[in-house]
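Dropping a structure here in structure tokens format, bear with me for questions.
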Amino acid sequence: MSYVPFKELRPAYGFDEVAIVPGEVTVNPEMTSTEMRIRDTVFDIPIMAAAMDAIVSPASAILMDQMGGLGVLNLEGLYTRYDDPHSMLEEVLSASQQEVTGLLQDVYSPSVQSHLVGQRVQEIKASGSCCAVSVTPNNAKALSPVAVEAGADILFVQSTVTTARHTSRSYRGLQLDELCQQVGIPVVVGNCVSYGVALALMETGIDGVLVGVGPGAACTTREVVGVGVPQVSATLECAAARQEYFNRTGRYVPIITDGGLRTGGDVCKAVASGADGVMLGTPFAQAEEAPGRGFNWGMANAHPNLPRGTRIKVGTKGTLNQILFGPTSVTNGTQNLVGALKVGMGMCGAMNVQEMQQAEMVVAPSIKTEGKVFQFASN
Amino acid sequence: MSYVPFKELRPAYGFDEVAIVPGEVTVNPEMTSTEMRIRDTVFDIPIMAAAMDAIVSPASAILMDQMGGLGVLNLEGLYTRYDDPHSMLEEVLSASQQEVTGLLQDVYSPSVQSHLVGQRVQEIKASGSCCAVSVTPNNAKALSPVAVEAGADILFVQSTVTTARHTSRSYRGLQLDELCQQVGIPVVVGNCVSYGVALALMETGIDGVLVGVGPGAACTTREVVGVGVPQVSATLECAAARQEYFNRTGRYVPIITDGGLRTGGDVCKAVASGADGVMLGTPFAQAEEAPGRGFNWGMANAHPNLPRGTRIKVGTKGTLNQILFGPTSVTNGTQNLVGALKVGMGMCGAMNVQEMQQAEMVVAPSIKTEGKVFQFASN
Amino acid sequence: MSYVPFKELRPAYGFDEVAIVPGEVTVNPEMTSTEMRIRDTVFDIPIMAAAMDAIVSPASAILMDQMGGLGVLNLEGLYTRYDDPHSMLEEVLSASQQEVTGLLQDVYSPSVQSHLVGQRVQEIKASGSCCAVSVTPNNAKALSPVAVEAGADILFVQSTVTTARHTSRSYRGLQLDELCQQVGIPVVVGNCVSYGVALALMETGIDGVLVGVGPGAACTTREVVGVGVPQVSATLECAAARQEYFNRTGRYVPIITDGGLRTGGDVCKAVASGADGVMLGTPFAQAEEAPGRGFNWGMANAHPNLPRGTRIKVGTKGTLNQILFGPTSVTNGTQNLVGALKVGMGMCGAMNVQEMQQAEMVVAPSIKTEGKVFQFASN
Amino acid sequence: MSYVPFKELRPAYGFDEVAIVPGEVTVNPEMTSTEMRIRDTVFDIPIMAAAMDAIVSPASAILMDQMGGLGVLNLEGLYTRYDDPHSMLEEVLSASQQEVTGLLQDVYSPSVQSHLVGQRVQEIKASGSCCAVSVTPNNAKALSPVAVEAGADILFVQSTVTTARHTSRSYRGLQLDELCQQVGIPVVVGNCVSYGVALALMETGIDGVLVGVGPGAACTTREVVGVGVPQVSATLECAAARQEYFNRTGRYVPIITDGGLRTGGDVCKAVASGADGVMLGTPFAQAEEAPGRGFNWGMANAHPNLPRGTRIKVGTKGTLNQILFGPTSVTNGTQNLVGALKVGMGMCGAMNVQEMQQAEMVVAPSIKTEGKVFQFASN
């Protein structure tokens, strides 16, 4: 019996379902450039550390800058709620897995201190580093001026799902165009996963779009509310929006794939999907210098009524320098991320990130090294 | 060699294979309405507890009403076969896994007592609660009048597979239009999974359609007889029938996705697939107040010759209130189902259930939090 | 770069990837007929026991006949190589898993004894049962006359892959049309998996086609030589050939899905894919009466140079009667196969096997009861 | 909202996702020819052993020749870096899994010795065997003349990803046409995975193309840099290039599927995908005669900054003769690879490799014997 379908479902893909096809020409990895640009600021490497308390403290933000990337400080985390955030970190780290969600709900309940916002920004600026800070839409108007005043260079406005238009009974939705004019510094906004939202966000005048809802290892949004789009498809959609917006206006707004990346292969695939940069959580939580000392958690874990995700043990794998540039003695792709990107670009004949965005991809069944080794070992 | 195919197979999807795409606008969860309507009765939340003995006793039906939802009492279960059903529950709960199928076949063999049907309905009505009861098509004509007489408000007619036309040698198939006229109260019928059957059922004058064959955790219909359609596709089909029927007649017959839902994400996906409401088994069997005290089983388990499914241990996870409204300290989506629905609706910019039905969905590879956590923990 | 593809790959499906959609009407299972016809012989149930030594001895062939089905005796197995096959069975059953492939190669090396062929047929006929025997194409001309002479009723000609035309240097390929004329009794031939071969086989005048290459639990043809087609797709193709041949000639040649079926659900799906009957291995090897006493193996296991498959432990699950007709206390679909077929037919509104062949199917993600139970148990 | 997609992803398949459809006619395996030709050299079997130190020493190259195949000696491995390579092998074999990547980085750091290149070639030629050697593009111009001078018969030029045009700052890219003229002997080049690259490589005048990026068990290129195409799709693309090139020029350039093959089934599928030959790693590392004595590793494991893959334990399974020709007592397809190919060809009615390339294939869900056996064993 034929009928009008209620709706059509299109397929969507994540990193594990795709592979990059090598190019028709190849170039030496040493000849490739991995530069990423946000408005007028150029970064040597297109890699950001996520605004999570276990990953970016003022100290690790400075370290990321020295490596050529960018660490984003969460202005609504422990560092701006407590004069001494380290004792709070200590509590979270020593809690049992059973009690940790309740504890996170507790330690994130005190208010953000305005004076601490300024203080943390100044700690980063004092080192001469680029300072990027992250706020939620709700608090953007209150916290941004303090951060800008203190010298912040880039403002991230982030929530699980961000659109250009939010309806609320209790407050007037954040107007991104007004915010951009107010702060003056570049504004990067997210997270979103679709063409329409990415385009609408770009039209407000912002300087970057974060791509990704639900994919991170410390996030269970897809379990809890069913919402989320795998990163390859999300990035492809937002990249199409960037091209459309660029063709129409001549302004190039970079998109940054945020969440769910674990290996150098994932970084390569994000770029091949159209990303100008990537934001990583777990891989940086595994750095020896990470404040989370082998654990990671997200703000959604601390939601009083609907915690999504949990503190996860990620382990400590090496120095930040090893994770970004090697040398490495592990072979699973979790170290030397920049080296992997340059090798991948070389295999695709891409001299820079924009050329790598043109690489061909296939939908391919997942290959797991561990599985294969085990398979032979157990024979 | 080209030829006429014997038949074509279309793809079908379940909850784990899809994800919801966030909307172009977002709204604050507190502004969303989750109301569900069956004929003239409006429920605050679109969530029903399944007519299974381990889930809905008269007491838990009253509790569900107080929470704004609906618990459906099985009129052919232990409560109407035994004056003292609790000692029978006790036997089922204390049986070993090996002996339980045989025991279920035994305890469900005595006949349903007419006087107990009236008595259970009155127990529920005495509290002032809405009383919904469930019968099979075979017994609908005999048991319905007793229930209606005692004050039942909504009649569910349920079997594994229900159609508008059943052929039998031993009895004349149930005529749903006659039944509707006879009982007067709203009649909800199921289960079905396809456009044609849903449309034919609506045309008999019923007030709701239950969607789902074979998906529940306590049901093995798909193993045993190969019949079943994953819930997302089944709901999409029946929603198309509801729209077609509404366009033609102006009468809106709600569809309720029944079975296979475990998390708030599943509830959101059912609604995004077109459901007006959902009926849950396992999640309510996990409530502290559930008569099954951490176990669940279905009527098909007790079939004398072809038992399908089995008693499963589901554990006790929290109070009914926590499961429906939180607060929760678990992060896997099994608690605060209503909160999850409201957050999901907010992310999709849906002010009510009907707007949430318009949310876009993608076919997406499954993401399992547990798997990912384990993966890192074991590195 | 566009180019002419080297070849196109079409998708193929097995039992685990599909599900049956319930019908627009339903019928009472007791009203359904499961009859299967091979030329003029009508069987009450469309279920055959595979010609494997662990499954069909003369005694179990008689038992299958009494149940309304058909057990096929392998004329090239232990029963026709040894006067006392039971001591050989004993050896195979008591061998360790490590030594069993070598042992199978040994015990199957003595020649088939012509006089034992006749003797085994007569043992079956003496009980008044229908006697079906199986030979390979190589030995069909030599062994068939002996079996026919002794009273065999149906001849199966089986090899891993059978076509209407085989090229060999050492012997002239078997001419099926000549064989049919020579033996007089109905000839069932297989195995094949495609439209073209099934059609060509039917055109030789045979009376039944066996469908299936590589799907059985005791067979590893797909591992070892990469050849095989999942059973749902194979059955759909051969059913299309049957329809084409019937439309052209008016002669209806039944097709029998052989191998890879484990549950009542699989039986229903085979019929819904177009099968007139099914041939099972493992489920009958699990009968208390099976000569393999909880083990199963195939002839390909004993190939001197390229053994495919191995002896597998299948366990003993119940009497043959329980496996076919119940009652049963297991809920995973491995018992009461006929009851399951009748219930499935009822759900699809099918009064007989040919109507069940018209049931709609979907491609659906696999649902595993065990997995789900475990999932809850381990929470 | 409709828009121009950023890019389209086409599906790609590996060995586990496909199966071969038996042919319309069958032939006796003994009548099939498995010959493979590279320029004027004809090999009895189309099977090569990969240029990996754990697989091909001068001694095992001679053994492969005697079996009718070809073992390729890596001219940049331990055999040409050390006068006594066996003590180095010993070190690698006795290292713990934790220290082995570091150790590999060490033992592969000394330079290749020109005099050892000549010496190893002469060791092979002294036996009368065909001598094939492998070099990377970087070292092709330096090492090839030495090998040719010493009597090498076939030159393999291999890197993870090879194209006809490579851009480098530090050296002029290798010109394959010049190399071919310089060396005179047949040149086989790879690895590549796409139509365009395969065609461009053939146009340089080379005599064979190696197909495969990232599929091998000892290789994690797909994890580390995200680049790789599953072998069935890669082979189909390169076969299309071979046909196009042959149609245009009349010159037939064989393609060799290299990496990721484990069983006879995989060999059959590679040929059915269009391969003229295959190159295997793991299966030959499992030979009793293999220098790796049950372990395997690749050159990419020893990369100083970005090691990809690792030493894996593959175990020892039988003699090289058993692995190639049987007889075998294992039934999982890892032994009697040539027998399997001939049986598979027989099932497809293919008299030679080129006819087997025409076999039909389907996309089919994977069947795992181990899984199935376990499933029954654990019931």
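When the chains are written out, they are named A, B, C and D in that same order, and each has its own residue count from 1.
Keep in mind that, in the parts below, contacts are C-beta pairs under 8 Å (C-beta built on N, C-alpha and C of every residue); 3 or more make two chains touch, one makes a residue touch a chain.
These figures come from a predicted structure and were not determined experimentally.
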Interface residue overlap between copies chain A and chain B, same or different (over half shared): different
Identity of the chain that, by mean CA position, is farthest from chain B: D
Angle of the C-alpha superposing rotation, chain C to chain D, to the nearest 5 degrees: 90
Distance between chain centroids, defined by C-alpha means - chain A, chain D (Å): 39
Chain centre separation (chain B, chain D; CA means) in Å: 55
Shared-contact residues (touching 2 or more other chains) in chain D: 1, 13, 194, 196
Chain-level touch network, classified as line, ring, star, complete or other: ring
Touching chain combinations (by label order): A-B, A-D, B-C, C-D
Of all residues in chain D, those that touch chain A in their complex: 1, 3-7, 9-14, 16-17, 101-102, 105, 160-170, 192-194, 196-197, 200, 213-215, 217, 220, 222-230, 233, 282, 301, 304-310, 312-315, 317
Touching residues on chain A, where the partner in the complex is chain D: 13, 15, 18-28, 30-31, 194-196, 232, 236-237, 239-241, 243-244, 263-269, 272-274, 326-333, 336, 339-341, 343-344, 347-349, 358, 360-365, 367, 369, 372-373, 376-377, 379
